[in-house]
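First chain A sits with chain B, and in the next complex the same chain sits with chain C.
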Partner chain A sequence: MSLDILVCVKRVPAPGAKVPLTEDGRDIDTRHLGFTIGPHEECAVEEAVRLVDKHGGSATVLAAGPPEVAEQVRYALAMGANQGVVVDTGEDELDPQATAAAIVHAVGELDTSFDLIMVGNESADAGHYQVGVRVATELGRPVVGGIKGIDVLDGSVRLRRDVGSATEVYELPLPAVVAVKEGLNLPRYPSLPGRLKAKKAQLRTVSYRPEPGGLRKIRLRQPEDNRAESVLLGHGAAAAPAVVDVLEELGVC
Partner chain B sequence: MLILAVKVDEHPAWADAVGVARGLTDDVHAVVFDASAVDELPKQGIRVAHVVEHEVLGDYAPEAYGEALAQLVKQVQPSAVVAPGSEKGNEVLAHLAARAGLPLAANCTQVGGTGRPWQLTRIRGGGMLLEDAELDASCGLFTVQPGAGPSNGTAPVDAVDVHRFTPELAAELARTRVVDRAEREAGVSLATAEVVVSGGRGVGSADGYKTLEELAELLGGAVGCSRVATNNGWRPHSDQVGLTGTKIAPKLYIACGISGATQHWVGCMDAKAILAVNTDPEAPMMTRSTYSVVGDLHEVLPAVIDEIRARGRVDQASG
Partner chain C sequence: MTNTLSAQLPDSADVVVIGAGIVGNSVAYHLAEEGWRNIVLLDKGPLPDPGGSTGHASNFIFPVDHSKEITMLTLDSMRQYEKFGTLTTCGGIEVARKPERVEELKRRMASAKAWGIDSELITPERVAELVPFVDQSILLAGFCTPSCAVVDPLQTGALMREHAQQLGALTVSANTEVLGFDVVDGRVRGVRTDKGDIATETVVISCGVWSPRIARMAGARIPLTPAVHQMIDVGPIPELAETHTEIAYPIVRDMDALMYERQSGADLEIGSYAHRPILHEPDEIPSIEEAALSPTQLPFTEDDFDPQMEDALELFGSILNTEGAGVRHAINGLLSLTPDGSPLLGETPEVRGLWSAAAVWIKEGPGVGRMLAQWMTHGHSEIDLHGADISRFYPHQRVPAHVRARTAEGFNKTYGIVHPREQWSSQREQRLSPFYSREKALGAEFFEVAGWERPQWYESNRPLVEEYGVQDRPHEWDARWWSPIINAEHLAMRERAAMIDLSAFAQFDVSGPGAVDYLQRLCVANVDRPVGRLIYTPLLDVAGGFRSDLTIVRLGPDKFRVITGGADGARDRKWFLDHLPESVSFADVTSSVCTLGLWGPRARDILSAATDDDVSNEGFPYGTAKEIVVGGVPVLALRVSYVGDLGWELHAPFEQGARLWDAIAEAGEPHGLIPAGIGVYGTTGRLEKGYRLMGAELEAEYDPVEAGLALPKVKSADFIGKEAYVAARESDPAALLCTLTVDDHTSSDGIARFPQGGEPILTRDGRRIVDRKGRGSYVTSAGAGPSLGKYLLMAYLPPEHAVEGTKLQVEYMGEQYPVTVARVGRKPLFDPDDARMKA
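After this line comes the complex of A and B, so read on.
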């Protein structure tokens, strides 16, 4: 069966070893950082592209946020998605209720009625663990999270999720929402032709200012790191005896 | 003030959720979907349990769990509901939140105040940052980050007053439910291993992990890796440590050729000790570790393996 798939991706900062904060502590200072989509969502895009290759249909990518989210939408297009949607919600970071409302609004504006909506299990920066469930509930669709395997059957999807030492299987009727995790597949790097095509692609923009929800961010803080200074055990192979001394001390060998 | 503490599975963060609730009020009721879980409650000082019963709830069914909770909340009118910040705890409370139209703060390390608004601290990016936030709602919904509960125990109680609650669930809700379950093969699991020998870009190839596997085997540990290794196809994703991989807390984490990006660091920062091996002494993993060795991992690790074997032979000879 052919499938129309929507993948929701979030633009997130990609910090290195330190996460710089703005002076008022309200946000990450992104002046010197790049942006990306979370790994769970990258796998969602990859899976959507593969499912469309296999079953036919279309893969649409949607990101809500400031207009700059277009960069992440184009990245997903470069990976092979067919259409891109920017939901312009203004500069401020939205709470999860407002994010879900924006996505639901945009879905209503589009002409496609999606068989499958894919989201990440949690966003890489905020990790609210709920936008997908809120979207699904609002649309009256079933949803499961933590998914690392998807098979499309006739009119339903079979989903696998790892829980402890077991794998759970779910079977949801379509249309459905699935929240996926990294490990679902190995996402491709966009090809050069893919990138060029994505650069020129026409994106659909939906502007929407949702009502704020009930969770209000006040400030961000660095967690305490009270580890003592690192003890240098030596250089190269000559450090081996000192290393094994430590292993013995720790009782691991 | 009444708080409901929801138990969704066997995750240990359940105790953290109860602890956080009890920090706010003495009036904490448990909500369980499995009647046999009631036996555990007196030890945790819980006097009242709501046992949710319905044929749709026989196995884990997130949508139906959430709907049942929404109906229970309507009936009991608690000030707040807490659940473990585990995968399923977060999932079930998200369903409750969506169905009840309430805000939800996930992975809280602290909850304070008396509501309208609540003050809370939650983790972002798997622990990269802390967020102070306010949550304003008729009923506060929180999941509690594993390990965030208070460590002081509570006095046990003699008996639990059991209230049975049977929600009205449309048959349709059975659509989101476990239909099959399979055990996966067990080795030394990354999540529970006492020692994890982990490798990143510095390992250079899939083949390069043979040395790490050898060392892990000698130490009875597991092999881990960074996202670069997974993305390059050198290791399966199940080996990945970090924000979008596994979060571990072994006795010893040996990080070889891993720079220590925050997204990796949050996965290993709870290790009791970290030994970093890196050619770059300034790599963040080297400066934040407990012990460090400056050098090429392809020289350091074989020498360590030889040294362990040599000492083993001496021990056997003398013992």
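After this line comes the complex of A and C, so read on.
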């Protein structure tokens, strides 16, 4: 079956090891930072593009926030999404309730009735884990989070998520909402022709000022010294046991 | 786990090198090789990649540059990378999409030949044979240099550190932040760090884009701007992956798109100098902890790169369109730009013992380290570094507004076609002579030197072009930044007289009981001459190469005026101050003196009409100076000439300059006096008289004997470079400076072409000419000799070719033109006995 998919992405700063804060400690100081979408959302875009390739339909990408979110929408278009939507909510930072309200409002404004709405499991900066559930509740759709596998059946989707050493499998009737996790797939890099196409693409803009929700951010705090020290484990072959220790400690071998 | 990369810092060191990129590592290594011990190398970042530009550079080397200095530094660096086993030769091609670029590639060929690099011009078909993925249909030609290479500067730096440590010469301390300096009486005494303080008399700042910030802590300025150079990696590309190597194909520089493309494993790396200039502030670069990738790899700004993507797709579409190939890495990489594009090397003029090694590309890093270590150890280097000397800048050129404006203007010229006479458009009208408004009213075409606006020629003299029947240059390139008016002004000066604004001279007053001894020590010529004498003299470095050449006036028993070229004044000032004893006082009077030259057969008639003082040949002989009054203005008049005619340099109080100008102009009117520009003074008049120019003929790699400037006798007083100078006099010179005439200007297109300087001199059968010291012969200066009816070139030639009448040729824009050696040595072609000057 062909299906129309909406992928919701969030514009987030791309900091290094230390996150710079504004002087009042209320925000991340983004003057010298680039912006990106989180790894979960990259997987969501990739999955949507693959599902449309396989089953037909369309992949629409939506981001809510200031007009600059168009940069992230175009990035997703460069990866292969078909349409882009900017929900212009102004300069103020959105809480999860407001974000969900903006998405729900935009879904109502768009002509497509989406079979599947995909979000990242949680945003890369705030990490509230709420938007997918709130959108689904508002639209009266079923929702499952933490998803690392999606198969499209006729009129439903089969979803997998890892729980310790086991896997849970869900089957949801469409239309549905899915919050996905990194590891779902290996997202592609945008191609040059994709980027040039995305640059010229016409984005649909929906203006909407959602009411603030109940969550208030009081202050952000830097953790104590998080400076990375270089550690010399040894020279040549003699360093091998120490390297193995570190790898075991990290759980990668 | 112990952290052995951050060794205990010593309390004192012979030298502290700050910054462990390719430059700092190389400086430390070569200082160790020169015998220095107790060297400390610091970096704020971790090793082996502390986060500066060395860690993200594209690491390829195209050796050919129009600048000899940069080319020599690059060739030296390539030899070092090769020695360390970190150089991979892959070849490189600069491709042309436009006809004017084809001409530029021919010019590159000339530079390759001049500097002895094997290169060839190739067809688009050949480009496509070497790099099968390019769309040859959009190309017109290629300039191929097989020795182009990629290098590993991080590994090179590690090996350099290791070597210096094995010598027991080096302590390395990573993750160490410099907090400040101890500077006492203008001399550095120590470095303060977060790991402890180090007492030292010598510090090298090799901190790349952070250099201005570090230098400022010591009270010095390093005039550079961190600027963005965008780079992306696109892959995986199967055609590249299957080579199973880092680089199997030549690097392509798509010159007209201001871009390059090189293989990097399975990816194609694309870099650009085409986007808008994106300048940063050294203080605002994110710290290592704050940076997503590294402090010098800033977030990629996609919009700036989009037009370049289209250019890249045009040339490399066949592989960039590959299914599955995407942009895997994209950065706004930071590099260091300077106001004139050259590196910043040498001791800072503000703080003794504080050295700069900044604004250096990967291709020059090891060579810069070697030359700087020589300079720090011996006071001079094998390669003449006058173009890179940090002391070349005047104060106004070191302020942030100037640095930002010129770097912004220069960025897009990185791959540009830059004419040798090209003028800057930003930051003009910085230094104006008191004659400026008069000159502007006369339609002066202003060229800039050292911030001074100087008339190159005057539109008011255009009628002279017809009067003297001066031919224009038929080719636009030859005629660019040039006018036939220059030659007309020259002929009018030779027939009548001309006044020339020379206020850009740098002038120093040197006085005190030790003045004679002080100047004797600096100068080749004897300065202990009678009061009122003019003394022309070379200044040498310890090795006997040229440091400067200038004129000195003895104003009194213990008082001298030093007059040097505007282009060289800032460097000369540092040289004079470096050697200044306490018994001598030094005053830079550049800004209080203006200078008007008056030359031509009518000069005496004109001057005598404006002064009551005796200006007859008996009363004011050649080679002397006198205080006279001209039009009510007290003037220091010098009976001297750089253009070969009777006349004077008139030095006046700056604020009375306009009065002086008007007095001379009025007195000259009945005699047909014209204003003339620097086109006459610096080129046509000078070349006819065979006068040498600092930075062109005169540089550290040649000595006075070779330049034909050895004096009849060696003075008894000791002076810097004397030993080498005496040795040079006693041996056969490896080359001699000659003046050549162009026998036939006609190109294959049937039009006259005019070499502009920098071209190789070849034998008539097309071979390069190289002297026994390995120096190739090239045109050091080129220009018309209107009174001789010849076009003149200067070049050093080995003795077997330095014979008057020898037939050679010059290569210009891909063609050879026959030339003849017209003069060996300094005897002028025009008025060889100097009868006119001494009239």
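We take it that the second predicted complex is superposed on the first by the 224 of 253 C-alpha atoms of A that agree within 3 Å, B and C clash if a C-alpha of one lies under 4 Å from a C-alpha of the other, contacts with A are read in each partner's own complex, and residues count from 1 in each chain.
Keep in mind that, in the parts below, a residue touches a chain if its C-beta (ideal position, glycine included) is under 8 Å from a C-beta of that chain, and two chains touch if they have at least 3 such contacts.
The structure presented is a predicted model; accordingly, all values stated were derived computationally and were not measured.
Trainee: Which holds for A:Pro193: it touches chain B only (first), chain C only (second), both, or neither?
Mentor: The second partner, chain C, only.
Trainee: Looking at the overlay, does A:Leu247 come into contact with chain B only (first), chain C only (second), both, or neither?
Mentor: first
Trainee: After superposing on the shared chain, does chain C or chain B touch more chain A residues?
Mentor: B
Trainee: Answer with first, second, both or neither: which of chain B and chain C does A:Gly146 touch in the superposed model?
Mentor: So A:Gly146 only meets chain B here.
Trainee: Does chain B (first) or chain C (second) touch A:Leu233, or do both, or does neither?
Mentor: Both chain B and chain C are touched by A:Leu233.
Trainee: Looking at A:Val133, would you say it contacts chain B, chain C, both, or neither? Reply first, second, both or neither.
Mentor: first
Trainee: Give one of first, second, both or neither to describe whether A:Pro15 is in contact with chain B, with chain C, with both, or with none.
Mentor: both
Trainee: With the touch criterion stated at the top, can you tell me which chain A residues are shared between the chain B interface and the chain C interface?
Mentor: In chain A, positions 15-19, 227-228, 230-233 sit in both the chain B and chain C interfaces.
Trainee: Please output the residues of chain C touching chain A within their complex, sorted ascending.
Mentor: Against chain A, chain C makes touches at 1-5, 46-47, 174-175, 234, 284-293, 298-300, 302-303, 306, 309-310, 312-313, 320-321, 324-328.
Trainee: Show which residues of chain B lie in contact with chain A when the two form their complex.
Mentor: Going through chain B, the ones touching chain A are 60, 62-63, 66, 87-88, 90-91, 93-95, 97-99, 102-107, 117, 123-137, 143, 175-184, 186, 189, 194-195, 218-221, 227, 230-231, 233, 236-238, 240, 243-245, 251-252, 259-263, 265, 269, 272-273, 275-276, 281, 284, 286-296, 299-300, 302-304, 306-308, 311.
Trainee: Flag every residue of chain A that touches chain C in the complex, lowest number first.
Mentor: Residues of chain A touching chain C: 14-20, 31-35, 71, 188-196, 199, 226-233.
Trainee: Which residues of chain A touch chain B once you look at their complex with the stated criterion?
Mentor: Touch list, chain A to chain B: 15-19, 21, 28, 38-40, 95-97, 100, 122, 124-130, 133-134, 136-138, 142-146, 162-163, 165-173, 181-183, 186-187, 213-223, 225, 227-228, 230-241, 243-244, 246-247, 250-253.
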